[in-house]
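Mind having a look at this structure? Questions to follow.
Every chain is named by a letter (A, B and C) in the order it is written, and numbering of its residues begins at 1.
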Amino acid sequence: MKIPGRKKLIPPVIIQTLKTHPVIIVLITLFMMFSSLYPERFLTPLNFSTILKQFVTLTLFALGPSIVVVTGSLDLSYVGIWMLGGILVWLLMPILGMFSILVIPLLGLATGFLIGVIQVKAKIPSFILTLSLLVTYSGLTATLSGGYPRPVRGYEFITARLIRYLPTAFLWSIPIIIAAVFIIKRTRIGTYLYAIGSNEEGARLAGINVDKYKILAFTLSGLFTGIGSIILFQHLGGATPVELNLNNLVWPLVAIVLGGTPLIGGSGGPQRTILGALTFTVFYRGLLLSLLHPQAIQLLVGLLLIVSIVVGTRGLKGVTIT
Amino acid sequence: MEVKLVEVKGVSKTFNGVVRALDEVSIAIRQNEIVGVVGENGAGKSTLMKILVGVFPPDKGEWYYRGRKIPFPQNPKEATKRGISIVYQEKGVIPCLKVYQFLLLGNEDSYVKISGLHLDKMKKHAREILEEFHVKCDVENFMYELPLSTQKMVEIARAILSVRLEHEDNNITSVIILDEPTAPLTIEERRELFSDILNMKKNASFIFVSHIIPEVMEFTDRVYVLRDGKLVAHYDLSKEKITEEDLFRAIVGRESSEYIYKPEIKRVVSEDVVLTAKNLTKNGCYYDISFDLYKGECIGIFGPAGSGKSEIINTIAGLISFEEGVLIVKGQEVKTKELPHVRLARGIGYFSGETGKELFLNWTITKNISIVNIEKILRKFVPVISFNAEKQMAEKIVQRMRIRTPGINTDCYSLSGGSKQKVSIGKWLERSPDILLLEDPTIGIDVGARKDIYETTSEMKKSGISMILVSDDPKEYSILCDKIMFIKDGRIQKVLSPEQFKKVMAT
Amino acid sequence: MRGEKMMVRLLISQEWLRRNMTTVGSIVAAIAIIAGFQVINPFFLRYQGIITLVYAMSYFLIAACGLTFVIMMGSFDFSVVSLLKLAALICVLYIDKLGLLVIPLALLICVGFGFINGLLFAKFKVPSFMATLGVSVVVEGIALYLSKGFLHIMYDETFRALAITFIAGLPSIFYWAMGVWIICTFIAICMPFGRRTYAVGGNPIGAGLSGINVERHRICVFMLSSFFAGLAGVLYMAQLGGGSMLIGKDMTIPLFASVVAGGTALTGGVGGPHRTLLGVIIITWIQAGMLMLAIGRDIQMVTFGLIALGMSIVTIDRRRIKIIK
């Protein structure tokens, strides 16, 4: 790979990074493409601001599940936590005042833990489990809210403008992102999660308490989603949503897969997901600016999902797919 | 070194009050030696190993460490405390982890700090360990990037390391159990692995569990032979002159009553060739395999585990592809990569004693028999299943095979091992393919069921079905086969008639 | 001797019970629900109620039968509802230009997407839920693009007659549904195609060794599922007389729940369309009952989510799966 004594124009570190993270090439290509096609609409501070805003939404939804995906399972409950959390804030506002926002991470934590325990003990496939939970939560949200969005005041400071064109939500999300990446890449927990995703039986034989760490993965996912939802709560308008929006569910999955985290686990994780989220956001924003039919854009998003999954799943041997 | 590191005496273990897995077995491991533990499947090897690493305790027995009696380990952690660790046959490696991560997996305690793991320290220690054990690889590589033999070496290093860390003593001699370490490796990789293990002898003692006789002969200092749960032989290879056949006989047992029944096998074989193999090669598994299979003939491919016999038969079945050479079935050349259903359409059926592979266990006997014979149970003019015909077919087979079952609508899950195999062979009896491949047809079943299966195969042979047999049981070869090919290291060594084969086995 | 005979009888009956426990359970549940609602509202089973139920059940059953084959095979098909929507919209949008030819057109398009589903899954080894999810997003996009989000009315009388012609007191769509159900049950139980589906679901390697072209069969099953999704959509449009992107809203979970509630396990290899009828009855009656009790849509969703979950737990064959992710 590296030939000693030969001068290189591009440092090998960058080449290595590009090789393992092909999504960066996609990102750069898209960026160049849109910049050259519509420079006056794309290369504006307002556009970048919008991109960052959307990036924040996508990332905060996708961070939690990317932790779980590393172990080979799936967690689709993020939208549910956000919705139900929002409505609970509205309900508890009169009682707890400003502290009621803290109910969201608590809900996330409890949800994640519950999912983890059920998954491990009752051996239910995580996809079904979290999907059912999502549906249940969305139903609960609608019930508790009576079917109407319930605006909550008092948290505007979360998204109050600090720097021009830089969404404050983005600033808030930086520590969360760093925490997630740190856990996955630099702690023992992260190593164990990768091990479980790569070869669960082998991890067990190596003495890892697989059950405990799987539960931990789901709990962390719920916690991160919960904390992220504090920001999202205000970032997405402060009014609580009622309808289950398919986009909110699918786009974070696209971000995860696009970033290069395989759904069977063992590699990837939050650090790749943020790249995927950024790429997707640029992609989407660029398409919107092109003034294509919104329906056509919807189609392209679907195609992107399929393509990235196919590309991501190729080259996986010995895996039973159902 | 005569110091006995670990010794167990009189180990016995019975499961469910019925199955006597181990009966008064005693083995000892000394410092810096490689001890082999060999035996057939079901002889008790893995039970003994599991007891040694603390998966479960024995019913009876004593454990001595350096001459001192101590209790048996109650769990794997305790076993590590006693200096014993195991490298599993498969599924032990975690592919997506980096070498240093895998090496230190489970033992990261000393590298944990507030700001995460001390990666530099980990990598440095990993490099030191790998150098000590002469493992050639970069700690930053992912495990899946390493060749299989190197992966095994890393596994072994990890096993030794976990013992040391448990004792916080770098000078402790660990006893590492290697459970069939060479099974997934190619022939070249095995040589490498063994020379590396020999290098490690000064750091550890090894228990080498295997049924590949040539390797055991070449690399171990002493060998224990288990058969039916008992210790039947103990050879010191440095002192005694033992041949491979000696070991073989000890494993298989000379006074086996199974030689008694001999269903008359008509050695009438026609001149028609149904299958021809010419220089079939798959790198790492088998090389230049050539033979002709005649109608009504049964060829046995005999060899120790890992010789390539299993890969050859799986290739003909379509489960594996081959790389070079030609395979001609009924006059038509076959593609290197074909799915099993295509091979079946050509007339090749595959039967495995490992019934989970080809039986539908949650189906009834009836459905299992009919799925391969669908054309036979369709109504006359409409492609619809006739339940009557299906039922009759099933009843016929159950009767003919003497399958012990409450009814033809029983789930296969609830059948005994022998009955499952009978269902499987029964469906092939009905189907009558031109060629039937048999892999381990009577593995793990009782004598009575075995006899029934032999009779059925001889019937099929008489009716003109050609067969290829691969098995671990040499008696089967002399009972069923017209011709036996010896295979070793992926190549055919010689071809024998059953009489010649019996002679070779008996000496 | 007699003791043995009794033992054998006991074993057989135990096994029969175990194997059919889910069916027995489902029947009991269905009866309990009907009885329950009847008690709460004695007018439940009046004629008007029955017609409403039949309308709710019929198109649903058609789609569920198709989906059953996929689940029998051990896979998922997330695109059924989207294809139903697309088929319905194609009918209403192009009936003026193409007349009744829209029907084969819609069906053909659905089968085409089914083919894509199968291809992605069998050839490219994409997990089925992901492949079908992706396809459903594309289909939704197309549906949105074609319909522009508006409500469209179906004026064609002939087309509508397909579903709402009353024969012997029941609308024709009911007979369509029954026909589909009978055909699907027949295929599953009496035809080699059905056996092969069970085989692939029960043991894909064993299926290959038994002579089944697993890849091709998988593609066929997905095409079948999409075909019935399309048929359901066509008939649904005939029944409704108009529609928009709102068709099939909140249908996925109840659909899935009805297949699973009928006793077709996610692990594949068991169950079948005959069971699905039961599941559909249970789900639609629960739906109707909840509507009658003025229970909100959302609690309905909660309920169905829980039912889907519960039945999955009960029916999954844990003997076969060692590691569940």
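The working rule: a residue touches a chain if its C-beta (ideal position, glycine included) is under 8 Å from a C-beta of that chain, and two chains touch if they have at least 3 such contacts.
Everything numeric in this text was worked out from a predicted model, so none of it was measured.
Participant: Which of line, ring, star, complete or other matches the graph of chains that touch?
Facilitator: Drawn as a graph, the chains make a fully connected set, so complete.
Participant: Hey, which pair has more contacts between C-betas, A-B or A-C?
Facilitator: A-C
Participant: Taking each chain's centre as the mean position of its Cα atoms, how many Å separate subunit A from subunit B?
Facilitator: 44
Participant: Measuring from the mean C-alpha position of subunit A to the mean C-alpha position of subunit C, what distance in angstrom results?
Facilitator: 32
Participant: I need the residues of subunit A touching at least two other chains; which ones are they?
Facilitator: Correct list: 201.
Participant: Residues of subunit C touching subunit B in their complex?
Facilitator: That would be residues 8, 11-12, 15, 19, 186, 189-192, 195, 198-199, 202-203, 205-206, 208-215, 269-270, 317, 319-320 of subunit C.
Participant: Over in the complex, which subunit B residues touch subunit A? Could you list them?
Facilitator: 76-77, 88, 91-97, 101, 105-106, 108, 112, 115-117, 119
Participant: Which residues of subunit A touch subunit C in the complex?
Facilitator: Residue positions touching the partner: 71-74, 119, 122-129, 131-136, 138-143, 147, 200-201, 246, 250, 263, 265, 293-303, 305-306, 309-310, 313-314, 316, 319-322.
Participant: So in the complex, the part of subunit B that touches subunit C is made up of which residues?
Facilitator: Touching subunit C: residues 317-319, 339-342, 344-345, 350, 357-363, 367, 370-372, 374, 378, 383-385, 387, 406-407, 410-411, 413-414 of subunit B.
Participant: Contact residues on subunit C for subunit A in the complex?
Facilitator: 74-76, 120-121, 124-131, 133-142, 144-145, 148, 204, 253, 266, 268, 296-306, 308-309, 312-313, 316, 318, 321-325
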